[in-house]
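By letter and in written order, the chains are A, B, C, D and E; residue numbering begins at 1 in each of them.
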Amino acid sequence: MITRKRENWLRMLFIWRGSVLSKILPRLLLLALFSVFIYQYHGVLFHYKIALNPAAFTLVGVALAIFLGFCNSAAYDRYWEGRKLWGALLTDSRSLVRQVLAYVTSADSQAGHTNLFVQLAIANAYALKHQLRNTNPAGDLNRLLPTSLSATLLQRQFIPVLILKEMAVWLKIQEQQGRLDAITKMGIDQNLDKLSSVVGGCERIKNTPIPFPYHVLLHRTVYIYCFMLPFGLVDSIGWMTPVMVTFIGYTFMALDAIVEEISEPFGNEPNDLALNAMSLTIEHSLLEMAGLPVPPNVWLPGPIID
Amino acid sequence: MITRKRENWLRMLFIWRGSVLSKILPRLLLLALFSVFIYQYHGVLFHYKIALNPAAFTLVGVALAIFLGFCNSAAYDRYWEGRKLWGALLTDSRSLVRQVLAYVTSADSQAGHTNLFVQLAIANAYALKHQLRNTNPAGDLNRLLPTSLSATLLQRQFIPVLILKEMAVWLKIQEQQGRLDAITKMGIDQNLDKLSSVVGGCERIKNTPIPFPYHVLLHRTVYIYCFMLPFGLVDSIGWMTPVMVTFIGYTFMALDAIVEEISEPFGNEPNDLALNAMSLTIEHSLLEMAGLPVPPNVWLPGPIID
Amino acid sequence: MITRKRENWLRMLFIWRGSVLSKILPRLLLLALFSVFIYQYHGVLFHYKIALNPAAFTLVGVALAIFLGFCNSAAYDRYWEGRKLWGALLTDSRSLVRQVLAYVTSADSQAGHTNLFVQLAIANAYALKHQLRNTNPAGDLNRLLPTSLSATLLQRQFIPVLILKEMAVWLKIQEQQGRLDAITKMGIDQNLDKLSSVVGGCERIKNTPIPFPYHVLLHRTVYIYCFMLPFGLVDSIGWMTPVMVTFIGYTFMALDAIVEEISEPFGNEPNDLALNAMSLTIEHSLLEMAGLPVPPNVWLPGPIID
Amino acid sequence: MITRKRENWLRMLFIWRGSVLSKILPRLLLLALFSVFIYQYHGVLFHYKIALNPAAFTLVGVALAIFLGFCNSAAYDRYWEGRKLWGALLTDSRSLVRQVLAYVTSADSQAGHTNLFVQLAIANAYALKHQLRNTNPAGDLNRLLPTSLSATLLQRQFIPVLILKEMAVWLKIQEQQGRLDAITKMGIDQNLDKLSSVVGGCERIKNTPIPFPYHVLLHRTVYIYCFMLPFGLVDSIGWMTPVMVTFIGYTFMALDAIVEEISEPFGNEPNDLALNAMSLTIEHSLLEMAGLPVPPNVWLPGPIID
Amino acid sequence: MITRKRENWLRMLFIWRGSVLSKILPRLLLLALFSVFIYQYHGVLFHYKIALNPAAFTLVGVALAIFLGFCNSAAYDRYWEGRKLWGALLTDSRSLVRQVLAYVTSADSQAGHTNLFVQLAIANAYALKHQLRNTNPAGDLNRLLPTSLSATLLQRQFIPVLILKEMAVWLKIQEQQGRLDAITKMGIDQNLDKLSSVVGGCERIKNTPIPFPYHVLLHRTVYIYCFMLPFGLVDSIGWMTPVMVTFIGYTFMALDAIVEEISEPFGNEPNDLALNAMSLTIEHSLLEMAGLPVPPNVWLPGPIID
């Protein structure tokens, strides 16, 4: 996620980092060169005059507006739903820890008897992050959980779900040992259900992309449109053709590139969600609630957090 | 569902598999030939000059944009709601199994005393899949359930609902045998309610299509528009008419075809939801949670999973 | 609801049944005749030349797109929310019956001691249907309920709500007779709350239409636009004016007609929701769950189900 | 709320009542006169020819479409959310009364021992109505509640919230007197939570309008656009300018006026929500459920209900 | 938040306060001067005629409409979700206080034994406000809470979450002292869960802005478009160019500025949410419910409340 502040309106025009311009620059230069070439030859290719005019492009504009508008909305919805799910992960983990800290007690409760549960809640966030990014959870699980449990979990496929089961087992043990009644247990269990929805929701976004033909259609329409555009403009605006084509091409290609990036919000690209930072926030918040020592530095400075 | 990765922007232009081009190719060729013909005769049909211009088509564009935009959104909403329902099926089945594994115990519990419940949860997913695709559930039900139960269910119409009832009866038996208190039972029962909503939601999407007149209107507007377009362009862009008409026709016909496919997300077409793969995922995840042996291979390789 | 399958793309162009063409045909013919007349007189009316051009209509197009797009979305949302509510009616009724069948038992339970509850759940669906369509519920209530109860209900105004109260009273009686504990009772009661929301939601859609001025504005804009259009096209496209005007008029008038139909989804028009079929489905599904005899035929064949 | 039926398509064109035409007529006449004036002087103002053309207005159309489309959607969402909240008020009040009537009993229950609760639920709806419309609740509260309670409430600011508290206190008293167990009490209390959401939601819509700059922007764009339009059309369509400008102006000004009206759905304008009628419906439905005498006449005849 | 009433349609055109005009005035003047300059030199810059026409700008309009429409919707959704969260904060705090006042009692309850809980609920709202605006919560916390608790909280990072934990601990103490049963406790605890969601939701909106590239793209497209526009209009509308360009530029720049403001709804700009006023409302409403003295003045007069 890029965390730049909005700048003065004039400087915004010349920002490089955080824009997707770097990504599409080669294609855009190609388009610019192509339109210079078309302008030089007045739209004549292989002795054939390609006679197009803006009106024809207005007709394509309908399709383009529908594809771009739809793909953009669908991509942003996926991005924002991903963010909401991670927000719910934070919220529900806090609720679980609040309930366990306040309600699971008995006369013989020892200090820190709820630590395992807090660690499980933290491990759940890290395990989900690693599952979504296809990275190795071994480091985090070994750091947070008892060795035997961590070793067992690392051999499994759906680790966050199994951690939720461990949390339920922990609750049952507290009930059997008299620190928890059935009513409070099932009240806490509702938050496990919510975490289960968060895990399932993230898996859904990761495993089911926007239907592939949309990408193909959007991509083809954008690029065919852009590379035919010089022929449509050269007769009426002359040497301004390359300028205008590059400007129009920039807006469409950039949107196509953003759509590609944020429609898979759990990746590692600059505009993807900052799963690392959010996992750290969850860890810090839960440790703070439990009165456990919080590691010093949460947010690393820099324009891009991951 | 097509699982191709997005490719290099240049290669995306020439992708064949996963595009709907193959489906609409005959109509598109017909349109291309028709516009070549119109160009040859300069828009004169049976000695009558069909005098149209792009401006008239801009006016139709308003209606076209509304129909295409709406039908596309409605179709995608159905697709994505179907996917969410199957995501909830996974989530809620996991929650049920987590609760039963952790909370349904007693001193005399034997290993595997919850296996029937896990099998019922798996059978529920398969039964729903078969109901949605109008396929025969006998194979899966016989494989997963006791013979007598499976035989009874196969004579019924709404099988997933009856499986949910069996799960409730199982819970009641556990309560009567002292392994479960009423509070925990009703906490678990809430997830049965959620599964009931999933089943009902899928039936709703399957049984109530987008109102038929939308399809008719969209279809007619798209095709009349496309086949009148050559007359509107031939006077101003000459021999480029077939190129431009085919390009515009491609975008509209392809969108019409995608809408047709994804608005019925539970079918067997390439862009429909991968119900088979998702049923397998549910099975594997639930077996893994219960510590039961998981069959080896989940995801078959290949660009299309069903 | 029209249940036709999508046909071959060519046949779709000539479908008559299920299209709204039959409804708007007279107006459309009037528009066609009017534009033939305008073409004959070259846009001169009472010796005054009505000098319009397509550009002026493009400006109206903005308003038209906003009205048509909005009214269409609002109408479809009402249609789809109505369908969701009836889906929830099915789902929640099933959940209630599942809970009652599985959980309301005691040593002295007689076979069929839950039949009254099942009948009440079925009667609720029929009573709601009759309320929404302003038809007489006497037949269905007498068929399903004990005579005294049915006679009392038929004198009341909000019958489905009173049936829900009867279901709650039934639950209380079971509790007093020892077949149900308070926890299970209140778990079941939550589904009565959901049914209460379904009833209230349907009443809301029925009693509060899309604000009237939208209909007026949409209607006026569409028809003034259509009947002024010939003047705008006649100078540039000549004898094609009637063809193009009829085509454009068809798309706009048809959408206006669909909006009118589906914005009141509980009516009796061809594209309204199939409340009869859905009530039958609820009856069959609940009877099947309860192991009671199911009447033979659910779905009547035919292109339109109501 | 206007409850006119849709009429024959021809009569719809000439409807006066229920249209917003009466509201915007003065401005529209001004616009019409202004464009007649511009036509007379051929777009020359103070010896300067105002040379505009439709193309320039097409560019403004983009902004206009965004503002009108957005403000309209936002306004309708507020309207419909307001309606949903009042639908939930009806639903949740019914659920509360159903629960209390069926579940709050004991051997010594006297007839009518739940009447106070029913009256509180009715008073809640009326108190909310008066709060939203800034009217005096004294009449309704005195009519419905015991004098002492009513006198206390009338000195407070947030009356519906305090009525909900009274309902909770009533439940607690029933528990203390043995007519209600804790489980049933908390099940009923969930519906008090829902009513609390309804009250808060209505306050939110009332106190937070659509951000003011949107109104200013929309308003300015619409009126500047309309009054510049004659200059843009007069050269190409001549004496049709006043007709076309008035038509276009009507569509835009009317939408602006509708947006203004329905974005504050709890007011007294013709298209606002019928809070009076809905309060009456709530009263009648709750009294009917409780078997109490229902006042005779609910819906007053007439095209506008408030 | 600006609380001006809508005025007479004529006065709306000349409103200064509450419009964003003051913010964008310098840029707008620059644009106006620039187009006067272009008009003077007939679009010739450094001896080169910049030959553009409106048609080319129509093509850019597609992209502009998509960016502006999307960014505007996304920004308003954030604003309205922020408002909904603060509405839920009010609602859920009231529900908590209602439950505690009515249900937490015992024979030995002293007057005011629930005051600490009410103060915690009020402190929660203020703490959230300070966290969202990065202001110092010391004043409010010291005012509302016991000194020792306030001192501890002020050293922490996520203060509202810790206050929720204190509320849960308070509930547990009441249970241990016999004033509360487990069932009622867990019913109340559900509202703590909801408050946890409110806190998490607000943090989400604050910490995750609209993806940065959208701002860059929108900004660039708007400003490049506006400053190229004079060249496109000067040949056809002559001396009206500065007027029209300034008008079009105003609509686009103003929308860009509104989007910037309301997309971060928890700030201090004129159109941001009135967190101060809402915190005060929460305090007053909760104190009124608890029968505690309410400070006199809630809403300060003035067109802008913060």
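The definition used in the following text is that a contact is a pair of C-beta atoms (placed from the backbone, for glycine too) under 8 Å apart; a residue touches a chain by one contact, two chains touch by 3 or more.
Protein names from UniProt, one per chain: A, B, C, D, E = Bestrophin.
What you see is a predicted model, and the numbers here were worked out from it, not measured in a lab.
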Shortest path length from subunit A to subunit E (each step joins two touching chains): 1
Centroid spacing, where centroids are CA-atom means, of subunit B and subunit C in whole angstrom: 23
Euclidean distance of C-alpha centroids - subunit A vs subunit D, Å: 38
For subunit E, residues that touch 2 or more chains besides their own: 55, 58, 64-65, 69, 183, 186, 190
Circular arrangement of chains, read from subunit B onward through subunit C: B, C, D, E, A
In the complex with subunit C, residue positions of subunit D that touch it: 1-4, 6, 9, 12-13, 15, 18-20, 54-55, 57-58, 61, 64-65, 68-69, 72-73, 76, 79, 83-84, 87-88, 90-92, 94-95, 98-99, 101-103, 105, 181, 183-184, 186-187, 190-191, 229, 233, 236-240, 244, 247-248, 251-252, 254-255, 258, 262, 271, 273, 284-285, 288-289, 294
Residue numbers on subunit B that touch subunit C, as the complex places them: 27, 48, 50-53, 55-56, 58-60, 62-67, 69-70, 74, 156-158, 161-162, 164-165, 168-169, 171-172, 182-183, 185-186, 189-190, 192-193, 196-197, 199-201, 203-204, 208-209, 211-217, 219-221, 223-224, 228, 231, 260
